[in-house]
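One structure is given below, represented as C-alpha cells, and several questions about it will come after.
In this document, chain identifiers A, B, C and D correspond to the written order of the chains, with residue numbering beginning at 1 in each.
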C-alpha cells in the first residue's frame, strides 16, 4: 500500500455515520475522510469538527460528484441506500453501505447490477462477522474443530424495543433485526438456507402489533447441507443485549456467551452475582465496526474482493421476506418462493 | 405417617428397576420391598440379594396378586406397561410406572380408565421434574422471578446413539427421547402445547434412518398461552450428555448448564479447559430418581395426588405423535389432529 | 475378595458416626456393621435401628473386645481418639479414626507406636483427599499436567462460626479447621512443609478472641521442594462454605470452584445471579466420606497400606502447632521447632 | 471547560509513550499534543507523524521550556523520572509521570517537594486503578457491598519473563512488578499496610537469580485496619497474563476473573475449553490507559486533585523496599523500618 490512502466521503452523520467517521479518522491510517454530508447540516458540521473532516458537503450528490473521493460510506436511512448505490457506482466510487440495501429484491437487484456494470467494489455493513466471538465460531466450523455442523441456534435479543415511529419505518422485525441473524446464519454455517418456518407473536408491546409488526419470533431454518437451526429474537431482554450463538457438530459444539463490562463476581448471603452484560450494540460490537472498515479499506486498496459482498446483502433480505411469508401463511416457505 | 411403611413389589429388575430398588431399600425408610419379579430370574435374584428383598416372585402376576403389597413399580419393557397398569389397578395396587405408558393413545386411555375406576394412585416416571436444575427453572417461572414466560429452549442430546435393535423397538426418537423433553416443556411452562412443527433428519448414523427413525431433530412448539419454544435433540453429542434449558420471560431469563464430576479448571499454554460433563443419565439424574420415588411414597401414604399423573403420561405421547406427523407431512400439526 | 466382608464396630453415633454408618450399611457391600456404641445410648439405638445394626454395645470397650469385629470406626470426641487407638490396636483391630488423633505430638506418637507394634492398619479421616475436586488437582500435579508446582493457595472458609463451647474445646483454629488444609497442602503438593508463617486475628466474633482463639488466618508455608503457598481460613463466609484450591506450575495452573446445588443462572434487570454454593460440609463432601471408607475397607481386606496413614495424621498436628507458635512469636517457625 | 484544551508535551516515544499519545490525539478532545521528544529522534518523528503532533523537540528540556505546553507526560526510563519531575515542576508544568518515580525514597521526596513548592499537579501512572475490574472491586469495598474487608488476595503473573537486561535495570521484582500490586492493595482496601512478610525464590529462570533478582514471590501484608492479604507474583504464567483479585469481607466476597478475547467455549470428546486469556498488558489494560489520562486532563483543567498523587507514587516504593528487606532478613518488616 506504501503510503497510498483511500479517500472517503461520508453520506449520513447519524449514529452509525459517527462511529464509522471516528474509525476512519483515528484508527485507520490508510483512510482519509474528504467530506461529509447530512440532510441535517448541523450534524454534518459537528462531525466534521470532531473528526477533522475538511469539507461539509451540501448533499449526497455533492459527495458522489467529488473527484477527490475514492469511496463513499452510505449511512443514510435505508430508503435511500439503493439509489445512492446506483449513483455512486455510476460515478465510479467504491461503496460501503449499511444494511439493508433495500426492502425489495427488485431494488437490490438494480443496485447490484449498477455496481457490477461499473466494476466498483461494494461491501455491506454486516459488522457482526467481524466480532471476535462470531469470528471464533466461524473459525471452529470452517476448520473442522467441531466436525460437520448439524444444528445451530442464534439468540439475538434487544434490551428494549425501539420507538414506535422507528418500528413503523423499519420494514418489520425480520428486515430490521433478524436480518443480522440471517447474515450470521449463512456466515457461520457457510451454506445457504433452503426453507424457513416462523412462529412469532406480539408479546412485548401491543403498539408494535398495532403497527403491523411482531416483537417475539422464532425462525426455524433448513440449510441445503442439512443443517437445521433457529433464530430467537425478542425486542426486549430486561437484562440487556443478548447475543449468543451455539453450533453442534459431529465432533463437538461451540457456544458463545455475552460480553461484560467487568469480570467481577460478588457473593453475598443472598446470591452469587455479576453486573449485567453490555447493554448497547455500540458497546457490544465496537471492535467489529472498526474491523469491517479496515477490511473494506484493505480490499479496495489491494483490489481484492470485499468480505461482505452485494449478494451477501441480498440474501438476508430474501430470507426476511420468506420468514414473514411463513408467518403470514402459517407454513414452511422455500426461499425460491420469494423470488420473482 | 407414624411408622406406617408402604410395601412395594417391583416388576422388572433391569437397569432402572435396580436404581429404584436401591432407593427404596437404602434411602426411603418409609418404603419396604416385599418382592421382585423379572422374566430373567437370575437378575431378579441378584437384585433381591443386593437389596435384602425377601421374595423373588415368578411373574408380574404373582407380584400383582400378592396381598402384602400396596404398590407396584412397573420397570418392565414399554410394551407391557399398559396391560400391567390395568391388571395392577384392578388388583387395587397403587402404581409407579416408567415412561411411556404406551405408544398408542388408545392403549393409554384404557389404562387410565382402569386406574380411575379402581381409584388407585398412578405416577409416571418423568424423573427430570425432580432434578435440581429443572426444579429451579420451574420455581423461577411459577414464582414470577422472570416475569411471564415468552420463549423456551430445551437442549437434550445423548452422548451416543443406542444399539440399533434398541432403536427399532423404541417407537422412534419422539416417543423414546423427546418424550422426556415434551414433559419438561409442559412442566416448566405450566401450560399445554397447541401446535408442533418438526424439522429433522438422519445425520448421525445411516442405520438409524434405515430403521425408519431420525437422529437429529428440532421441534418447535406453540403453547396455548403464546409461549413459543424449541426442543433440540441429537442422538450423539461427542462431549457427553447435554441437558439444558433456557426460558426468556418478560422480567428476565433463566438458563441451566450441564453438571460436572468436578469443578476444576486447568490452564496451560494451549487452552483453558475442564473435564467433560457427566456422561450418563444415571449419573446426571441420580438424585431425581430417588426424589420421584420419595414423592410417590409420600403421596400414597398421605392420600395426596401424585406429582406426575396419568394425564401427564398421556400428553407427551400425543406430542410425540404430532411431532412425527409434522415431520411426515412437512407442516405444522395441531395436537388435536392426533386425537381419535 | 470373594464374598469376604469386613466386620465393623462403630464408636460414636454422633453426626459423623451416622454418616459413616450409612455408608457401611447401604453403599459398601463388602462391609458389615456388627455393633455400635455411644455414651448417649439413645443415639446409638436410633442409629442401630436406622442401619439395621444388630447390636448396641454398652461402651467403646465392649466394641473393642468384641471378637466378631475386625475393624473399629472411632467417631467419638477428639480427646478420646489416642487412647481408643491404643486399646483397639492392642486388641488387634484395624482402625479408622477421625481427625485429629490428638492435640499433642506425644500422645499421637504413643498411639502410632501401639499401632505399629500390633501390626494393624490405621486410616485417619482426612476425607477431602477423596473429594472429586481435590483428587483432580492432585492428579494434575502428580501427572505433570501443570508442570512442576511453584505456588499453591487454599481457601477454606466456614459458613458461620461454631458455638463458643465448641471453640473452647476445639484446640484452636489451626488444630480444628486448618488441620484439614494442612493435610490438603501435603497431599496436593506431594511434599513436606519446612517452615510456616502466620498472620491472623479476631475479626468475626470477639467471643472467639476471649476464648483465646483466632477466627481469621493466613498461613504461609514453604515446602522443602521450594513450593510456597498459603491457606486462607475464616470462620465466617456469609455466602456459604468456601472450599477452593489453586496451584500454579511451570506448565500451567489448576483451580477449583465451589460446588452448587444447581447450575441455573438467572438474569434480571438488576443482575446475573445464581443460588449460593452448598452450605454445609456434609453436602459438599458427601461423596468423599463414602469413598474414604471404601478405600479403608479395600485396603484392609486386601492387606494393602491405607491411603491416609498414621503419619499423615501426625504431621498436620505438627503444622498446626507451628502455625500457632508463629502467630504467638510473630516470626517464621520451622516445623522442626515443634518437635521434642 | 468550554473549549479550553490542555496542551501536552510528551517526553519519551517508547511503548507507553505511544499508547498515551494515541489517547491524547484520538480519544481526548480536551487534550492537544504540542510536541514530543525522545533520545531516539526517529521514534519521536514517527510518533509525531502518526498522531499529527506539530513539533519534534530535540530534548526533554526543550519540552519543559516550551511556553505553549501546560502539562508534560514523562514516559522516559525510570532513572530519569525524579529529575524530570523536579525540572518540570520548576517550569510550572503539570506532570503525568509513569511509575515508579524512583527506586529511592530520598529521590522521590526531593521530587515531591519540588512539586509541592511549585504548586503544580502530579499524577502517577498507576493505570490499573482505572481498569473496570479493579474499579468494580474498589466500589464493592467502598460502598460496603461486601461489608468490612477482612482478607485480600492479588494474583499478578506475567506471561513470560522479560529479557535479562531488562531484569538487571528493573530495580528487582518488587520495584518493577509488585509495585503495581502494592498500589492495588492500598487502593482496593483504602488503608495503609503496616507490615510485610515475603517468601520468594528463583523458580522460573536461573539467570534471574544470577542477576540478583527473584522470579516467584508471595508477599503477605498486614494493614493498619486489620486486613491481611497476599500478593502472588510470578514472572511466568504459561497460559498468559494472569491478573485477578479477591476480597473477603464481613458481608461477602468479590473476585475478578481474567479477560478474554472472546467468550466462545468449545466442547469436544476430549475437553470443554476456551482460548487463552489476553496475553499482553497492553491488551488487558487498554481502556485503563485512556481513562487515567482522561482523569488527569479533567483534574488539571478543573483544578481538582489528581486521582493518583505523588504520595500514591511514593508508598508502593516503600512497600517494595520492605518486601525485599523481609526476604533478605527472613522476618516480618514494618514499613517504618525502611524510612530514614
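In the analysis below, contacts are C-beta pairs under 8 Å (C-beta built on N, C-alpha and C of every residue); 3 or more make two chains touch, one makes a residue touch a chain.
No experiment lies behind these values; they were computed from the predicted model shown.
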**OP:** State which chains count as neighbours of subunit B and simultaneously of subunit C.
**Re:** A, D
**OP:** Would you mind pulling out the distance in Å between where the CA atoms of subunit A average out and where those of subunit C do?
**Re:** 58
Original post:
Counting in whole Å, what is the centre-to-centre distance of subunit A and subunit B, each centre being its mean C-alpha position?
Top reply: 43
**OP:** For subunit D, jot down the residues that touch at least 2 other chains.
**Re:** 238-239, 251-253, 267-269, 275
Subject >> Graph class of chain-chain contacts, one of line, ring, star, complete, other >> reply: complete
Subject >> In the complex, subunit B residues that touch subunit A >> reply: 147-148, 150-151, 153, 157, 197, 199-201, 203-204, 216, 218, 220, 222, 226, 228-230, 232, 234, 236-239, 242, 248, 250-253, 330-332
Original post:
Tell me, which parts of subunit D touch subunit B in their complex?
Top reply: 238-240, 267-277
Subject >> Parts of subunit C lying in touch with subunit B, wherever the complex brings them together >> reply: 25-27, 29, 50, 132-133, 135-137, 140, 145-146, 251-259, 261-269, 275
